[in-house]
Each structure stands twice: as C-alpha cells, then as structure tokens.
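So, here come the structures, one by one.
You will see two complexes here that share subunit A, one where it goes with subunit B and one where it goes with subunit C.
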Partner chain A sequence: MPSDILLSIRGLKTHFSTPVGIVSAVDGVSFDLTRGETLGLVGESGSGKTVTALSVMQLYAKPQGRIVAGKILFEGKDITAMGEKDMYNIRGNSISMIFQEPMTSLNPVYTIGRQIVEAIRAHRAIDKKEAWAIALEALKQVGIPDPERRLRSYPHELSGGMRQRAMIAMAISCKPTLLIADEPTTALDVTIQAQILQLLRELKETMGMSMLMITHDLGVIAEVADKVAVMYGGRIAEYAETASLFASPMHPYTRGLMDSIPDIEKESAQLYSIPGTVPSLIGETKGCRFANRCPRALPRCTEEAPELVEAAPGHLVACWNRLGAGDEGPQDKRSSEAEPQSRRMTKGEGAQP
Partner chain B sequence: MSDIILKVENLTKEFKVHKTGGIGGASGRSHALVRAVSDVSFSVTKGETFGIVGESGCGKSTTGRLILRLIDPTSGRIEFRGADITHLTGEALRGIRRKIQMVFQDPYASLNPRMNIAGNVGEPLMIHKLVSSNTERDEKVKELLSTVGLNPDYFARFPFEFSGGQRQRIGIARALSLSPELVIADEPVSALDVSLQAQIINLLQDLKAKKNLTYIFIAHDLGVVKHISDRIAVMYLGKIAEIAGKREIFSQPLHPYTQALFSSIPIPNPAKRRLRAPLGGDVPSPLAPPPGCLFHTRCPKAMDRCRVEVPVLKEVAPGHLVACHLY
Partner chain C sequence: MLKFVLRRIVGMIPSLFLVSVLVFGFVHLIPGDPIQILLGDLATPEQVAAVREEMGLDKPIWVQYGKWIAGVVTGDMGNSIFFGQSVLSVIGNRAETSILLALLTLLLILFIGIPVGYLSATRYGTKLDQSISGISMGFASIPTFWLGLTLMTFFAVKLKWLPSSGFPSIFQSGNWGNLRYLILPAITLSAPNSALIIRLTRASMLDVFKEDYVRTARAKGLREPVVNVFHVFRNSMNSLVSALGFTFAGLVSGTVVTETVFSLPGIGKLVVDSVLRRDYPVIQGIILCIALLYMAINLLVDIAYGWLDPRIRYS
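Entry: the complex of A and B
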C-alpha cells in the first residue's frame, strides 16, 4: 500500500444490538483517504456516515455497538485492534473531530480557554500557561476577534458561528493529521456556513491536514471535497473524484439525489423525487439496499448485493445497472404515490405495526 | 393585480426579554425590547406563492405567526380579503382561522402524540363543527389522507408509527381540512432529508393547483424558495430588505445583503467552486441593533449615510422594492 494513504477503511461493519434486532448501521464500507485531501462522505439520515466516523474515533455506543468485521488503517496501523490506551493517544491528537451542534459539544459550565487547555494537556506534558498560549494561538488561527477575552468567555456568550470556530480551534490545537468534520455547518446560517467552509479550507492548506467531511448537502461537498463517497443504507454506493461524480454520476441513487435538489441556477416545474423511504437496517438484507426505490432495478438487484467496482479510472460504483454516459436521468419518471411501502422502520422513526 | 388576498402594513412586533438574554435569574428584573418584526409591509395576490427568506432571527416565522394572529402585533395592520383582521377576537377570529392555515416545520412536534391520525387531522373539523359525528369525521379524514398521498386506512394509527415525510403529509392534511384559502408554510421541508423534501415540495405544488390555494412559504433554503415561489421577500433583522419576482431577484439582486446571501449558497457544481465567503462578521444582536441601516455593519458598500439614516423600502423598478440608500 502506498504511504500517501492516510486512512484506509476496508470492509468495515459496525453493528448495533437493539431490542428489535441487530442494526447493521455500517455494513461493508471501504474507502481510502489520501494525505492532504478532503474526502466528502455524503448521505441521508441513517445512511451510516456518522457511525463510520465514530468507528474511526472508536466513539460509537458501546457495548451495543460492535465492529464485527473490517479494518481501519490509520497511518498503517489498525485502529480496530488497538486498546483504549493507544486510542486515547490518537483521539483528539492526531485525529480530531468537530460536530454538528457546537452548543452541545462544548461544556456550558467551563470557559472556552479551560476546555481547549484541557484538550491540549491531555496529550502534551506542558503546564497550563504554555497550553493557554497555544489555545490563544489557535483562536487567532480560526479568526476569532478579541481572542484573549474569548478564551475567558463561556460558550453561551458566543454566537453559533463563533462557537463552531472555538470547536475548530480546540480540534486543531494538537495539530491533527486528520480532521473529521461531522455536518459542521448544518446548524449555521448560510452566510456563516460560507465563512466556516472557507476557514476549514484554509486550515487544511496551511496545516497540511486531511479532512473527512460528513454532510447531507451536495452543495457543501462540491465546495470543499476533492473526492466523494456516497453512502446509502450503511454501504458505499459510489466513490469518485468530486468533478467526476458531479459530471457523470453512475449510481441511480447519486443521480436521484442530485435531481432532488432544486437548482438555484435553473428553473424546473417539478422536482424529481426518489420514491419511498430509506430501508430498515434491521436483520439480514438480501441484494442491493436501494433496489426497492431504484428506477433501474433488475431482478438480480434484489437477489445479490453489488460489489464496489472500478467502472472508470478512479470512479467506483456498486450497482448492477449503472448509468452510462448516454443514459437519461430518472427525472422523467416521477412517483405520484407517496412512500408506498411504509411498513419499515428507519432509524429514530416509528415502524408501522 | 387587483385580487389581493392579504395585505400587511407597517407590521411590528416587539418582545420583552431579559436584558442579559439569559433565562431569568439574577438580572431577571431588567427588561429589554427585541423588535422581531419591524415595519413590515407587503401584499399577497390570490393564487401566488409568496416566499419569505432570511437567516435565523430575521423575523420570518414571527411574521407568519402574526398573520395567523397566533400572536398579536405591537402595531401595524393585517388585511385579509379587504377586511381588517388585526384586532379580531372570539368567533370572528375563529372564522378567519378557517381561511388561513399553517403547516409547521417540525412534524415530530406539531402532531399530538396521544391522538390518532383521525383525531389530529380531524380536530379542526370538530372545533369548527363541520362534522357532527366521529364516523363523519373519519370519512372526511380518509379523504384528506388520500389527497396528500397517504393510505386512507392509516386513519386510526398514531403519529409515532410514521416517518418524518409521512408526518409532514399528515400536517398538510390537517391544514387543508378546513379548505383554507391561504396556507402559511413555515419551513415545511427543512426537517426532512433531500429525497423526502422533493416529495413534499411536489405535493404542495400539486395541492396548490388542485385547490386554488395561495401560499406564504417561509424558509431559509434559497433553492427551495426559488423553486416554489412566484415572488420573494428577503428579511434581515426584522426588516424587509428587498421584494421582487423570483426571476428578477435571482438575476438582479439589488440589496447588498440579498447579493451576499445568494452568493453564500453552496452550489452543487464543483466547477463553480468559490473561494471566499462573501460576508464577514455575524448578524448583530437584536437586543442592540445598529443605528441607520441594520445591515451597515457587514455591508461592503456602506456609506456614511447608512450609519445614521434608516432606508425605506421603495419601488425602484416595476414590482421590485428595495430598502437601500444605493438606489
């Protein structure tokens, strides 16, 4: 394996035991993240993108959750085989994570400075004064005005955008090689989102970090990612360079997702909508998990799960009937029936009796 | 343009809050006023979809609630089909509520979890005494469910048995139960995944055509608002910055805030990647709004005049209104 691969995930399966059965939230995920690159992980709720990230951080709910198969190689070492002590040295140090909602990820009763100092001193044997100086530097780096005062502020005294900047400051204070950003701008307004995305892009360049950007927003992906992995039902549907994915999506799900977004630059009378809802991940599933919503499904699709294969150089897709260059999109077909087979359970939602 | 269904004039709503912005406690006695909606005027023509966009705290939802008279305005006037409804109470207010209905953002919070679907959707029918028995109500609910694309046999089920997209359909069925003329949809798709968003937007459009509805569509997602609206108002800190037809406002945004807002949207096309955020800074605190134009603290084109004088909303081209000293 070439050494420019920072993170390599191979056949990862993270399952959870719940009262209603085994939920295969991540079910055979493989991808590579090259050093210095941003990989976008895109998918809807319940697609397994966050659980994939939490598996890398070893932060998924235990003991219900378990990695039942696969490897996560970070700088060549398998994280899944590491003990908690080794993981402690990596987490927050060489791999950091920022979360969607900065208000709930910061401790409301401690100042910003104290929290950043705590993170730094967990990994480096330095005194509080030195750590405070590093924290101050980190706040400057993320563009927080009046950083001396802000170090002494409590999270509630900061706006949403400033809080997310403070979270980013904490995440980069130990100079990580990999930054995982889980929906970092979803809770923010659009003008603030643009600021944070710009900041992340700049930090990645100046610090030489790699980034795993998790989002449901294809617009955000197009702005920041070098490569994209599209997830559906706990599996990778498609993996390609960003330009290639947007120019010629090969998986019908990717195509459907793109056509579902109202295009700000064009006008259309009707949006394409993918019929149905996301599948249940409980118990064994046969075949492709998108088959029941797919406009191009073949009999084979419900029988046999497609492998992720390289269909064009660097462009991987898991589909038995992938879209080619000349294929029409599914826009012309639109479902008028709403979520017809709703006798399924999706994560966090109710099941039909 | 004579067929105006709703007219809002100089609508203002002030809320009393604790000065610290906190929740009670030590400084609980000193109050401050937040002007959530400030001097807002617009009118909506029958059959159109009027979009209101803006970031959190701009007053778009408060405007929606004021129109439905869920809260009372501090000052200003609301006219529905030519009649002043600003101060209606009791039976008269209830009569108006039959004509104006709302679809809410969070389909998990806006349905009563302890009532079945017939109860949730049919409650307005019972309140307005449009049905005389539960059997009659259930029949009407079944009809409504199939209108919004749900299986009518679901009427006896409970909200927890449905997914987010289905719940939003139930919320729409309830809003339609009284055959309203004006529907205020407050962020009806922002809690939903992209693929379900498209389903609900298409449903709203189908229903509008079938039932001759007029919509006020409130959202922060500019793509969605552009898709569904005929005209769009952009709000910032409680005030309207700009109103125009959707083609006009997207091709020629005049207000510097509108321009910045539109160019902040991430476009799902990597070839159009932008490298700089168009706006610095944060929205000022509504507790201490800046003098003059509310946007001058972030505006790249601010002049001396903007710091002292509040710009008024004026028509600079037919149907295109903007509140900015540049025009």
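Entry: the complex of A and C
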C-alpha cells in the first residue's frame, strides 16, 4: 500500500563541495517512513544523519551542498524537484523540525509567543490574536506550566528543558504530519531527557504524526522508535524493526554500537569502543566504508560496496559478511573478542616503520 | 531602566573629573606662550607680565585649575584669550556647523551603508557581493581632501548645482536652505564611513547567518526576506549601533580636513586654530565638551543595547 508510506527516500546523495574536495556526506540513502510510525536514524557524528534530515527540509548549507542524486518522496511528491516556494509551504507546516541545542535554537531577542505566532502566521491566514490563542494551546499541549506568562517570556528566562518544550510547541503549532527531531535530548539533563522523550511519544500518538528521530543514542531508539535505520559513512548499514534490530543485529557496526553501551550487570575495567575513527568522506571511496574498522572484514569488503538487501523479512542489511543466527550474541562479544582485537592492533602498529 | 540610566549618569562624574584634570594638565604642557602670541614680537616684557597677571596665568597651575573647574561647574568656562568672548559662545558658534554636518553625514551613512551591506550579505559570495566589497574598499581608502576637492570642482564649479564653500548659520538666519552648503561636505565625509558600515553590516550579518535560530526560522517556513530582516539583520544591529554612535561622535569632533577644504566654521578647525594660538580656555572647553559628548553617546549606545537585547535589559 503506497499510501501508507509518508516519507520515502530513494538513493539520496547529498554532496558538499569544500576546499579539500567533494564530501559525500549522504551517499545513497534509502528508507521508508510509514504513517504514524517513528523511525530512528542512528549513527555516530559525521555519519550523515543530520544532513539526511536537512535534505528532507531542503535546508542543508547552500550553495556548497547539493542533492546530486535520488528522490525524497513526501506524501507522494518529490521534494528534491520542488522550488523554494513549495518548500515554504512544507517547512514548519507539514514537516517540522526540532534541533539539538534548545539554548541557541530560539532567537534571543523575541518572546516565545512572538516566535510561535510567527510560525503559525507563516502558514495560516489568521490575525495575531487567533494565532496567539493557538500558541497558548500549543504551550499547554507540551506541558509548560503557566503558559500565559511563558508566551511573554524571552528564551533566556527559560531552562533548557522548557526551551526544548517551547521548540516542540512551535514545531507542532501547525499540526505537521512529520516531525523531524534532530538529537532533541542530547543537550539536556538525563531526567529532562526522559520527560522530553515521553512528551514526543505522547504527541505523536495524540496528533497522529510520524516522527523521524535522529540520535546517536541507542537508548533513545529503544524508547521511541518503531523502526531503526543505522547509518554509517553516509550510507544505511542496517534497517529493521526496533525489536528485531536489538535481538539480532546483522551488521558488525550495529553490534559494535550495542557493545559500546556499558552494561551495569557486568564488571568491566574498560568500556568497549569500536576501534578506529569515522572515515573521511572526501572524494571517491571504494568498498564498504566500515571495512577499515570492521572485525569481520573480508578482502571483498574493500573492493565492492555491499547493497542493502533483505536478509530476513523486514530486516535489511548492507554487509558481505553479516552476523547470522549462529554467531554469538552481542553480550558475549566483549569477553571473547577483546583479546584478538588488541592483538590485531599491536600487529598493525608494529608493521608501521 | 530609569534607574540604570541614572546610575550611569552618576557614574560619569568621576570620569569627567579625571578628564578635566588631564585636559588641563596636557594643555598647559604645550610649549609656547599664549601672551607672547597674543601681543606679538614687539611687546615689552613689562606688557607681557601685566597681561599674564591680568589673566591669572602667573599663578601656580593647581590654583589656575581650581579657578577654572569652579567656573566650569557653574557653566562658565572662562574667556577665550584670542577672541575675548566667553568660551561657551565661541564653541556654540562653531557647534552648529559640526552638529548639522555630523547629522547629515550620519543620515547618508545609514541610507547607504546599511542597505548596501545587507545586499552584500544576503548575496554572499556572488559577483555583486564581490563588487560591493571591492568598491567599498576603494571608498574607504580615498583621501577626503581629494574627494572633497573633486566633488567641489564638479558640482560647484562646473555644474554650479551647489555652493563650493562656507556655511551661513541657519540658527541666526532661520534659513534652512543653507543646508545645501553642507551637502558636498557630507558626501565627502560619508564615503569612507559608509564603506566601513557596509563592511560591518555584511560581516555581522554573516556571523548571525551561522546561528542556530536562523536555521530554526527557516525550518518554520519563513520566507527568505523575512528571515533576513527579522532574524539575521535584527540580531546584527547591536554591533551596528555602537559603530554608528562612535562614528557620530567622531564626525562632530574630528573633521578638520573636510572643514578646511570647504572653509566650514566647525569644531575641528577651531581646535587646531586654538592649539596654534595657545588659546588654553578654548582648547580645554572643547575637549571637555567632546569628552562629555562621547560619554553621552556611550550612554545612548548602552540604552540602545538594552532596548535591542532583552538579555541585557533584564540583567
């Protein structure tokens, strides 16, 4: 049923021209977001999550950034083929976005109310008074205490959590069908994080929105996402239902991410981290971008980039040597593989003169 | 807000006192004798001594300062050694030209510098932006005496559209048409200053473009001009306000070259002439007035900050 799909990204490539070369920040990303669902987009910094989201909004840095290939179908229409005029009607109206830094994402010189009213009046032909009433309603909806007073407050008078709530109120004020949340809890205290996630989950339900949740935190994914797309080096490594991904990760990178979560049950002297760093995305790259850090890399991996294929029903993975049911679960990995890994590292270092 | 302003005004008193001491001290350090200059080379030592005593210049310097400052507090800055008139009326005669010229120039700077800078910033990296940057760099480097003389040759001598020099007082004649005497000087002064404001507007807007809240404004679906004016330009106004404030103060006090080229009776020329005449009371009076002007503008700039930025207003 195509009408079930709200957002469908096909082969998206967003590249940036920089003084040192072309950076392929997003390099062939495809995924679907079903109506009413939450899709988690997870990956390290520099994996292309945010650029993917900004491509949907057509807000990546221009003119350095450019969508060089692919389609972004939103409600069946290709966003990449739209002009700025059509985008004005989509941004903040049917697709809204909230950002990582609530401290800097609101304009310091205007009141919360004015900023929300501005968003509403950009899309609805109503007077200030009506817009003010809608803004008040939105603040109530996101659980800001004393909303009448807060509408007249300036951003610096609010705490980080309250500012993020105000941002959310602004984002939902035009009743969008898609809410893109770019690391909405990363800059907040842990206790506030849980409240904001809870709020987003409730709003998604009551308003019937879909949500694209961008995060580096698998814990957040486990809380809110129905499906997950794991991104690495500008590509999708794995795409699956959340439960399926956590139960049986197929991509070595996904498992590396899971192993990086400290386990409170186990006493371990060292925290696990994936060896190496995110690769540079400058210029043409051959093969799988994770190959140089991958414990399961085959010779083929550095030669040929793996396609995203359906390895199990609804579970897609892009890997030549994916983890199967026979491989040990994520929790065993630390003990069994920690040693060979360190040995491999020493060997590598010794080889360099 | 009122409390803030009052506190600032009271805070200005110690600075003014310090300025008065420094001014008085430095002026009296200038080598040369005003009496000798006043009376000429043929004066006998007896005549010089008599005039010196009459003017109180034979007393110790701290006594002279005491007498002077006591007068200043009551609004009497003494009499000019050269003109014989009171210092306040000497300054007052010249202030009209300088203040009107500064206001006219400021208006030109505002209407040229800000729109062009805005255009340059919003078309960042384009040919237009590069041309504006190049041209404004050129204007910033043009010597004012050359520009003044060129404009005068063309518009006053050849085309005869505007008067070439002088400025009959509007205050005395009531004829606002005399403002036309100030048009060429104002254009001359606004060229380098507009260039600076163009560059400042562009630079501060480009800074704001990188802010997260600008991305938020775009994500709301606001149109580009709305984002540019209400979010980008609005937040770059703080740096513009202080630059414009101090440009104005500089225009009132330091435009000797332009005043000389256009034979304008302004403050800048009065300062230079008075220094050459060792007219102590006038120099002291002018510098004190200019210090006061700078402090007043500083205060206005601070008030504008508070008005522009709520974070300053409430803290």
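Just so we're on the same page, the second predicted complex is superposed on the first by the 319 of 353 C-alpha atoms of A that agree within 3 Å, B and C clash if a C-alpha of one lies under 4 Å from a C-alpha of the other, contacts with A are read in each partner's own complex, and residues count from 1 in each chain.
The criterion applied here is as follows: a contact is a pair of C-beta atoms (placed from the backbone, for glycine too) under 8 Å apart; a residue touches a chain by one contact, two chains touch by 3 or more.
From a predicted model like this one, the values you see are computed outputs, not experimental measurements.
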Looking at A:Asp263, would you say it contacts subunit B, subunit C, both, or neither? Reply first, second, both or neither.
first
Counting residues of subunit A touched by each of subunit B and subunit C, the higher count belongs to B
According to the stated criteria, A:Ser105 is in contact with first (subunit B), second (subunit C), both, or neither; which is it?
second
First (subunit B), second (subunit C), both or neither touched by A:Arg35:
neither
Thinking of the overlay built on chain A, is A:Tyr272 touched by subunit B (first), by subunit C (second), by both, or by neither?
first
Report for A:Tyr88: first if it touches subunit B alone, second if subunit C alone, otherwise both or neither.
second
Contact-wise, after the overlay, does A:Met167 reach subunit B, subunit C, both or neither (first, second, both, neither)?
second
Let me test your reading of the model: by the given contact rule, A:Lys128 touches which partner, first (subunit B), second (subunit C), both or neither?
neither
Where subunit A meets both subunit C and subunit B, residue numbers
156
In the complex with subunit A, residue positions of subunit B that touch it:
22, 55-56, 148-150, 157, 159-166, 169, 193-199, 201-203, 205, 220, 222-224, 226-228, 247, 250, 260-262, 264-280, 282-283
Under the definition above, what is the set of subunit A residues touching subunit C in their complex?
57, 59, 63, 84, 87-93, 96-97, 99, 101, 104-109, 118-119, 122-123, 154, 156-157, 167, 170
Touch list for subunit C against partner subunit A, complex:
125, 211-213, 215-224, 226, 230-231, 234-235, 308-311, 314
Sort out for me which residues of subunit A touch subunit B in the complex.
44-45, 156, 159, 161-162, 189-195, 197-198, 201, 216-223, 242-243, 246, 256-258, 260-265, 267-268, 270-275, 277-278, 334-339, 342, 346, 349-353
